[in-house]
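In what comes next, subunit A is part of two complexes: it sits with subunit B in the first one and with subunit C in the second one.
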Partner chain A sequence: MGEVFWILVSAMVVNNFTLYYFLGLCPFMGVSARVETAVRMGMANIFVMTMASLCAWFLNTFILPHAPYLRLISFIVVIASFVQIVEMVIKKVSPKLFRQLGIYLPLITTNCAILGLALFQTNRGYGLIQGLSFAVGAGLGLTLALVLMASIRETGELSDVPSIAKGMALVLIIAGSLSLAFMGFAGLLSAT
Partner chain B sequence: MTAPRLLITASPHLSEPDSTPKIMWHVVLSLLPVVGASIYFFGPSAVLVITAATAGALVTEWIFGTRGSLLDGSAMITGILLGLVLPAGIPLWMAFVGGVFGIGFGKLIFGGLGQNIFNPALLGRAFLQAAFPVAMTTWPVIRENWWQLRGDNLALPLMSPKEVDVLTEATPLGLMKFEQTGTDLWRLTLGATGGSLGETAGVLILLCGGYLAIRNYLNWRIPASIFLTVAVFSVLLHLIDAARYPDALFMLFSGGLMLGAVYMATDMVTSPVTNLGCWVFGFGIGFLVVVIRLWGGLAEGVMYAILLMNALVPFINRATQPRAFGAEQPKAKQTT
Partner chain C sequence: MSPRETAPQADFFRGVWRENPVLIQMLGLCPALAVTNTVENSLWMGLATFFVLTGSSFIVSLIKKLIPGEVRIPTFILIIATFVTVADMSLEAIVPTVHKQLGAFVALIVVNCMILSRQEAFAAKRPLGRSLLDAFGTGLGFIVALVMMGAIREVLGNGTLMGFSLFGPNFEPWVIFILPPGGFLTLGFWLLLLNWFQKWRTERAKVRAWPEGVGAPPERKAA
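== the complex of A and B ==
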């Protein structure tokens, strides 16, 4: 049980997907203008990552031992289509949840963080439970990064940013500064 | 005698003797004893490094800042503070680059004074730490010959530094972490240990900070809650396993905790607005410091702890926003 918890914390803070591995940068830059949307994007991320982890575990256990060369393509195809199916189900069963997740669900299915998650999970040989906690941790980490970025951007909205840095340039610089700050966690938990 | 000038403004008509430049220059003044201590311990190297870092900050502010912003003293503070958190043996051009980065990317790019998210001096140091990890973790000893440089300070930019015959020693925190040996408490409080230029003289920093706190130029709640959190956590951990975790006084007086808590965390721009927020902010810093020091891969975590909590400040401000007088509790949150 302890190990599962450490996997979650490690994926969330220490090896944060966005600020340490620089994966999933497009939603990080694109949908971080408002805290509310950032939170929703994070929720959708946690959901898709859990699904992806489940799919990857299934493929790794039952199918890929027979055809290892299909790994990359099968991950992409299976995860994307599975999330699409789940999306249709949600649309039918709970339109409210569907509206809240909105466009983000299909958007992040093809995100590099999702494929990265599946590949990390495979390389590290995680089982089902470990994989799921890894996925939830990674999703929470993405949410954390998104919310931090969004609250900083909201604060800076009225500030007197020089014209060369307006817009995406400032976002990139904030992202770099955040990543510098997250370097402090390097090596954390590695001793235990 | 000239006629009294009419001042036509909206209320409130309160005047306040404190202005931003006045507060900033007071902070600069209060830093002078700390600078003096660093010169006493590290000799001419301290003068050179602090001057280079300050020059980097001032030049950048002068070129890219708004008109007159050089005179408000904030760039001066950033430069001196950055110099104080660098090791004595660092090549001067690195200190200069740190000052340029701190002011340029830590402050001016956000729109100048009052609008930055991260503490500029700490951002400059974090950048240097990431870019030149070896130079940033070589700690020269306090040596007999005061006049001698403590390392290859005069190295040319982008050249590998000469192999100078310099004696180095680990910082107290490094000793604790990697060799499990403690340091004498008297040496810690008075500052005769290895470390960054200005972080060693703990008692002196407390005195200077006390002066600023009395004049209300820094919010005492931030350092108080940082010290309290670190002390409580380290007392508890020390009770659990005294061999593995150091005692509270060691944790308080080692490394950059004093300088960070008194001068860096209390930066008016990058700390929370409300008093409650300040307590939360200080608690977060103290907690992260303990976590990074005791379980992290690095020996010292004050800089990263403050930067991480800086990033959380907009969030803290949002959460601790006081209710307007007479207003009702907000009902369901409006969704956009």
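== the complex of A and C ==
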């Protein structure tokens, strides 16, 4: 149990997907202007990541031992179709949730964090439970980074920045400082 | 929707600098930040992406008439994934040490939005030769951007360039630049520099065209 919890914490803060592995940068840059959308995007991500982890585990256990060179192709196809199915199911079962997630759900398919999660999970040889906790941790970490970024951007919206720093340059430098701050968590790993 | 006519060399050079995928369009940021801690890694990553982009542009342009519109994105992704698998295995065979350092990021070329966007925006609509030129240009632009990142990060973070020591043994490496925050900061400062240069050039052009006392210069159209 301890190890499973550790995987979750480490994926969430120590090796944060966005700030340490640079995965899922598109939503990080794109939808981090408002806290509310950031939270929603984060939630959608947690959900899809958990599902993707399940899919990856299934493929790894039952199918890929027979054809290892198909790993990448099968991952991407399965994740893409799975997101499609989930989208249809949510639309049918809970139209309210569907409206709330909006465009974010289909966008997630091409989010490198999802494929990255599946690949990391495979490379590290996680089992089902470990994989799930890794996925939840990574999703929470992504949400955390998104919300932090959105809060900073909302706060700084009216501040007077030099014209050359407006837009992406400023976002990147803020992200750099956030990433710097998150490196402080690296000490956690040896704290057991 | 008929594509705008452009000169062949424009297709090539547009991707290299004026519409550089990383520095201007902000596409493919994930590899550009993650693996550029040394020039060597950047170069191999750039070459792998170049290969995948050229290969998939070639195939997509070749069979664009056969792909039904509704399933074109999944088809593109499958083609890209095939080339990425080839690149992944070749890198593992040619430079095992670099492959190990790049890790999962070679496989993640699949979801590099730069590649998909070139297929969707260019290769699926234009003739074969033009698509190849465009892929060469964009791929080269990607390599240029990655090496620009890698050079700064390696020199500051490790005191070396392509593995050669630059400053002698007394140099205290600025370790943060080869760690993840350095990626964000380096790209951020490159963008600052480019924006500053752009602004300086626009203002100089304004001053030249409108000497003092003539009146306010007209608003320049966005280039």
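We take it that the second predicted complex is superposed on the first by the 188 of 192 C-alpha atoms of A that agree within 3 Å, B and C clash if a C-alpha of one lies under 4 Å from a C-alpha of the other, contacts with A are read in each partner's own complex, and residues count from 1 in each chain.
Going forward, a contact is a pair of C-beta atoms (placed from the backbone, for glycine too) under 8 Å apart; a residue touches a chain by one contact, two chains touch by 3 or more.
Every value quoted in this text rests on a predicted model; they were computed, and no experiment measured them.
Trainee: Answer with first, second, both or neither: which of subunit B and subunit C does A:112 touch in the superposed model?
Mentor: second
Trainee: Applying the document's definition of touch, where does A:172 land relative to subunit B and subunit C: first, second, both, or neither?
Mentor: After superposition on chain A, A:172 lies in contact with subunit C alone.
Trainee: Look at A:155 in the shared chain and tell me whether it touches subunit B only, subunit C only, both, or neither; answer first, second, both or neither.
Mentor: In the superposition, A:155 touches subunit B alone.
Trainee: Looking at A:180 after the superposition, I want to know if it touches subunit B, subunit C, both of them or none. Which is it: first, second, both, neither?
Mentor: In the superposition, A:180 touches subunit B and subunit C alike.
Trainee: Touching subunit B in one complex and subunit C in the other: list those residues of subunit A.
Mentor: Common interface on subunit A, subunit B vs subunit C: 165, 170, 173, 176-177, 180, 183.
Trainee: Which residues of subunit A touch subunit C in their complex?
Mentor: 19-23, 25-26, 29, 69, 72-73, 76-77, 80, 110-112, 115-116, 119-120, 123, 163-165, 168-170, 172-173, 175-177, 179-180, 183
Trainee: Subunit A touches which residues of subunit C in the complex?
Mentor: Touching subunit A: residues 26, 29-30, 33-34, 74, 77-78, 81-82, 84-85, 88-89, 103-104, 107-108, 110-113, 116, 176, 179-185, 187-189, 191-192, 195-196, 199 of subunit C.
Trainee: Residue numbers of subunit B touching subunit A in their complex, please.
Mentor: 64, 105-106, 108-112, 115, 117-118, 123, 126-127, 129-130, 288, 291-292, 295-298, 301, 303-305, 307-308, 310-312, 314-315, 317-318, 335-336
Trainee: Would you tell me which residues of subunit A are touching subunit B in their complex?
Mentor: 34-37, 147-148, 151-152, 154-156, 159-162, 165, 170, 173-174, 176-178, 180-192
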